[in-house]
Amino acid sequence: MIEDDIYRASSQYRLWSYTESSLQSLRATTNAVASERVRAALRRSRETHQSTASSAGTPQSETSAENKIKDANDIECLTPEEELVLVRYYCEKTLELGETYKPPMPTMVRATAIQYLRRFYLTNSPMTYHPKSIMACALFVATKTDNYYMSLRQFAEGIPGETTAEDVIAPEFLLMQGLRFTFDVRHPFRGLEGGVMELQAIAEGQGQPAPHLPHETAEDLQQGLLSIAPPPVPSSSMADRIARAHTKTRELLKSAAQMTDAYFLYTPSQIWLSAFLLADRPLAEFLLDVKLGGPVTATIPPPEIDDNGLVNPLYEIRSKLHRVLSECSALLQSYTPLSSDPVQMKNLKRIAKKLYHCQNPEKVNISAARKRESARPSPAIQSDAGPVTSESESERLAKKRKLEQEEAARQSDDVFGGELVTQRTKH
Amino acid sequence: MALSPFGSRSPSMTVHSPNTAIRLRATAAQNSVAGSTAAVAKPMPDGDRELTEQLNIEVRERYVKDKKVGEGTYAVVYVGHLQDDPSSRVAIKKIKVNAEYKDGLAMDAVREVKYLQELKHPNVITLHDVFSSKDQNLSLVLEFLPGGDLEMLIKDSDIHYGVADIKAWMGMLARGVWWCHENFVLHRDIKPNNLLIASDGEVKLADFGLARSFADPLFNMTHQVITRWYRPPELLYGARQYSGAVDVWSMGMVFAELLLRVPFVAGSTDLDQITKICEAFGTPTEDNWPGVSKLPYYIPTDKAQVVPLQGRDFFLRQFPTAGPVGADLLMSMCALDPRKRSTAVQCLRHNWWTMDPRPTQNQDLPRKSGGTQKMGDDLTRRGGELDEGMFKNAARQLDFGMK
Amino acid sequence: MAPDAASRRDEDEVCPVCKSSRYLNPDMRFLINPECYHKMCESCVDRIFSSGPANCPVAGCRKTLRKNRFRKQTFEDIGVEREVDIRRRVMHMQYSQINRITSIRLNRREEEFDSKRAYDDFLEQREDIIGNLVSRIDVAKTEAQLHKYATENMQSIRANQAIEAEEASSFQARISLEQEEARLRRQAAREEYETERREIQAGREDFLSKLASGSSTDAAAIAREGHKVLLKKSSARRSEEERIRQKQAALRSSELKRGSNLSTADFAGADTGLVKGLRKIKTPEPEKPYDPFMGYVPDKRDYYTLQSYYPSQYLDPIRNDARMLAGGYNLQDYYSRTLLEAFAGLSCFIGEEVSQRDAARVTKPAATEGTALAAESGQGV
């Protein structure tokens, strides 16, 4: 179909479409590379401590450093699944940020920012770059690419907390690199509007048949629409029914479609139709019948194949589509917001604590790294390893550990709410 | 099921999916995990980089820069080639990080990258790849277009061209513009020096620094786009919602310039531009352009000063070389009221293309050497910038034979 | 080529007309005229023929000669010189028209004939003509034959000239003629496309209506049948395409007729009585008509029919917003974008397509734009 080839030309199809298994293996690879790097970085930072300690000539600290090295080898890193939970949480936060922004960001901008985050974390790990430090940047870049441009200063002022303009912009280049310099995201929102417009036209007797089913008249279509099964929730008129389905679908697209892997696995038209099926199944089925002929029942016979191995193209599409849309609907339906689910929240807190110990120390301060530009980013912890002062190294370490514990406790209380940029750099 | 005619750029051939790289590096990663105890202090070459950086490096290492062909405040342009094919040619446009610009990557670059990644067409410059260098500069690997640009041909009095050549160039321009609009992208900076020429003579629409997507209602767009001489009256009047008609006007101005070999309406200020447009084509009024007086910067004209809307005769007289049919096409591109202006599709459906003379074949089109340098200059220019040196006396040279 | 006989320095050579010798006038050059091949010196030619055609001064020769036809002698033997000229004349009969030399060829090649036999017959006939003319046998008859051949061609040349004059008399008329031709070409192309589309669609519709009326178990049978019909039709369509192509070729050749008399003369030659067995001249495959869309059919869609109006309360304020509309904002663009996005990619089954794509990449690693570029550059970018 011509429209399908148009979609195939998009970067979303070319670069950002995956099978479930390729998505999984990509995430596993990213996680493996990042874990290795986290371990190496932690080792390096501890060696630094060790050498500083040696020069200070305190035998005590040597022992302590040796212990650390041993620890470094069995640092527990996040699993790909844990990373995904974390990313999802920050996608929810991004949505919230866009909504509470004054004035609220357009839906499309918010959705683009979320997809940027999701794409970014396919080849980057939250252990390397904390989502908290990326999300504001993703939102800002989305305002640039989705024609909702404002100055960085203006944007940063609207972000709650102490986030500075520099914090927002620091990871921009990293983010864009992670996006492989493709900024266009094909959303299902506009498609939903198109589908609804078609249904409204049909309801008013102004519909036109699909090119491959040209026999249907406007009256046939209208009659067909009026005789479909009743909606899940009774409605006063067809216009009302369409409007309700529209609203409900839109909500699903703004939430479930953003927070799941839907964009990687399905096309925008499949996504909105899957959401529409959840909102009002008979209405969605009707539209598909109008487009591709039907109906196809839930128990589809295996595709009919003739001697030449040919199947009626519409029939084939219709039955395949039935399967794909069901899968996508199920995916959308499976979504419940993390913040509204205590079990998931508990899990999230656990992951957050774990992340605290396996965050790559060399990548924490993105703004500082950016300032140093091409220079090799020096470990953030290195600042601790400056010239030894009167304070003994062991005392310093003890104090640091205490601070870390306090910090961890504070963070697990409040998970990352409110605060956007990590506080670790303040150590 | 009909396929796009541009099948040569089929998706399966243009995939940038990281999967290959992943397959390769996954093994490396596993190895490095296994060998980590041995290599404690020394970072692994691959393990030292995140997957995303590895992918970037892979793209970067695919190209070699040969020599610098242009440098501006905004970008540096190099000619380069594919690492494993020294006979290939690409243009590498390295966008400079602007220290004064605190808002991150400049909008021009954002737009250019965003839209060129989506548009693949023989008459739109091809973006082969994008990569970042170590110093966090963005490099765009673009199609190498050594034939210079249309401006160069228009200005060179040693080059003679005829209506068949103009038809060929305009045909390629119209196709490129149509493809953008078909993909709901406005170019918003069509002018002769943004129309670059490939070694085979094909004209390519370049510089998407002012491009944006369109069609959604109720979103304001800026009217400060398109180089003045090619800017349509609705933008001069400050319209904030507009359509592909803005590009069609620019196309009409390029058409007129190809015929006359000087810019047709060359105002010295925005106000002067609108005055010149009125003198040339007629004064916009509520009669010939309903609603025009509601546009923000509309200036009512004194009744006595109103120039009546120009008809076919004017275009035939002014552009005799176009012939009656060509003049008709030009007129349809220059309608003051954007709703009455032809769309890009309508332009391409015009009789002119299929009547004699047939458009010149690409290989027979007039050409000029020194195009590589010109490409370098064109690509370093920032969207919407006007080469101040060009057509200095253009306004003086123009005489509309009216007034 | 034989050495240039006339340039040879023979001190004793004397002009048969003025009797001056090269000895006295070392720069003297001799010229001949193919009408009679009588040799005379350049100054005699100037003297006798400068004021217009005159009789040959050689005693007994009454030929009327023109100055412009005098030339240097190529072959020493005047007999050879004459035969070569005769051959040349027969091969390329040249007729001077107003400002135009028209050549009528008898130097036809073997490929122009239907059979080897026809070609041999032609060669024999040509040698007879030349032989007759050289040895002055049946000269009148032979010349008449050639003359007839020439005049027949001449008629068609004149006919063409008349057409051209008529066309040139009115520029406007010419424009409309061109438009008409363009229209016919477009129509032919459109017809071809339409026929194809209609048939595919008819096949599908037929199939779908059968499918709709019958039970689903019949679907396979119906599909089979439908496919057969389509196959049958496709061969019919091929001949239809051939017909359209011929139509286009004919249009093209009518253009050629105007553009070149040369080929018209060839064309006419095919029908003269003199040369038999000529193959019907094949016009070379016409250049495809210029297609501004490069094969793409704008606005063609498979999932929906774009309407010029869609009811929507949300859009109603825009329909009446004079300012938006005056700026050129067009709701039609919005319709076409939303409808496209509603269905674009509906049957891109990513799970299937991406795994195929990834599988293909195992054999062809790094299939990126850059690789495509490399492939192109192999063909000489």
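Some notes on this structure:
By written order: A, B and C. Residues from 1 in each chain.
Assume a residue touches a chain if its C-beta (ideal position, glycine included) is under 8 Å from a C-beta of that chain, and two chains touch if they have at least 3 such contacts.
What you see is a predicted model; the values in this text were computed from it and never measured.
Central chain (C-alpha centroid nearest the global protein C-alpha centroid): B. Chain centre most remote from that of chain C: A (centre = mean of CA atoms). Centres computed as Cα averages put chain B at a distance of 37 Å from chain C. Between the Cα centres of chain A and chain C there is a gap of 62 Å. Between chain A and chain B the centroid-to-centroid distance comes to 33 Å (mean Cα coordinates, whole Å).
Chain A has residues 1-2, 4, 6, 8, 13, 22, 190, 313 in contact with two or more other chains.
Those residues of chain C in touch with two or more other chains are numbered 300, 302, 337, 358. Residues of chain B found to touch two or more other chains are 1-2, 4, 9, 11, 14-17, 19, 216. Across the complex, chain C is touched by residues 1-2, 4-6, 9, 11-17, 19-20, 59, 62-63, 82, 84-85, 87-90, 122, 126-129, 141, 144, 171, 174-175, 178, 182, 184, 199, 214-218, 234, 237, 239-246, 289-292, 294-295, 323-325, 337-339, 341, 345, 348-349, 351, 353-356, 358-359 of chain B.
Of all the residues in chain A, the ones that touch chain B in their complex are 1-2, 4-6, 8-11, 13-15, 22, 25-26, 29-30, 32-37, 39-40, 43-44, 47, 73, 120, 122-125, 128, 140-141, 144-145, 147, 149, 151-153, 165, 169, 172-174, 176-178, 180-184, 190, 313, 370, 373-374. Residues 172, 175, 178-179, 181-183, 185-186, 287, 289-290, 292-300, 302, 315, 318, 322-331, 333-334, 336-337, 357-358, 360-361, 365-374, 377-378, 380-381 of chain C touch chain B in their complex. On the side of chain B, the complex with chain A involves touching residues 1-4, 9, 11, 14-19, 22, 25-26, 29-30, 32-33, 36-37, 40-41, 43-44, 47-56, 102-105, 107, 110, 113-115, 117-118, 120, 130-132, 134-136, 138, 212-213, 216, 219, 221. The residues of chain C lying in touch with chain A in their complex are 201, 204-205, 207-209, 211-212, 216, 219-220, 223-224, 226-227, 300-305, 307, 309-312, 335, 337-351, 353-355, 358.
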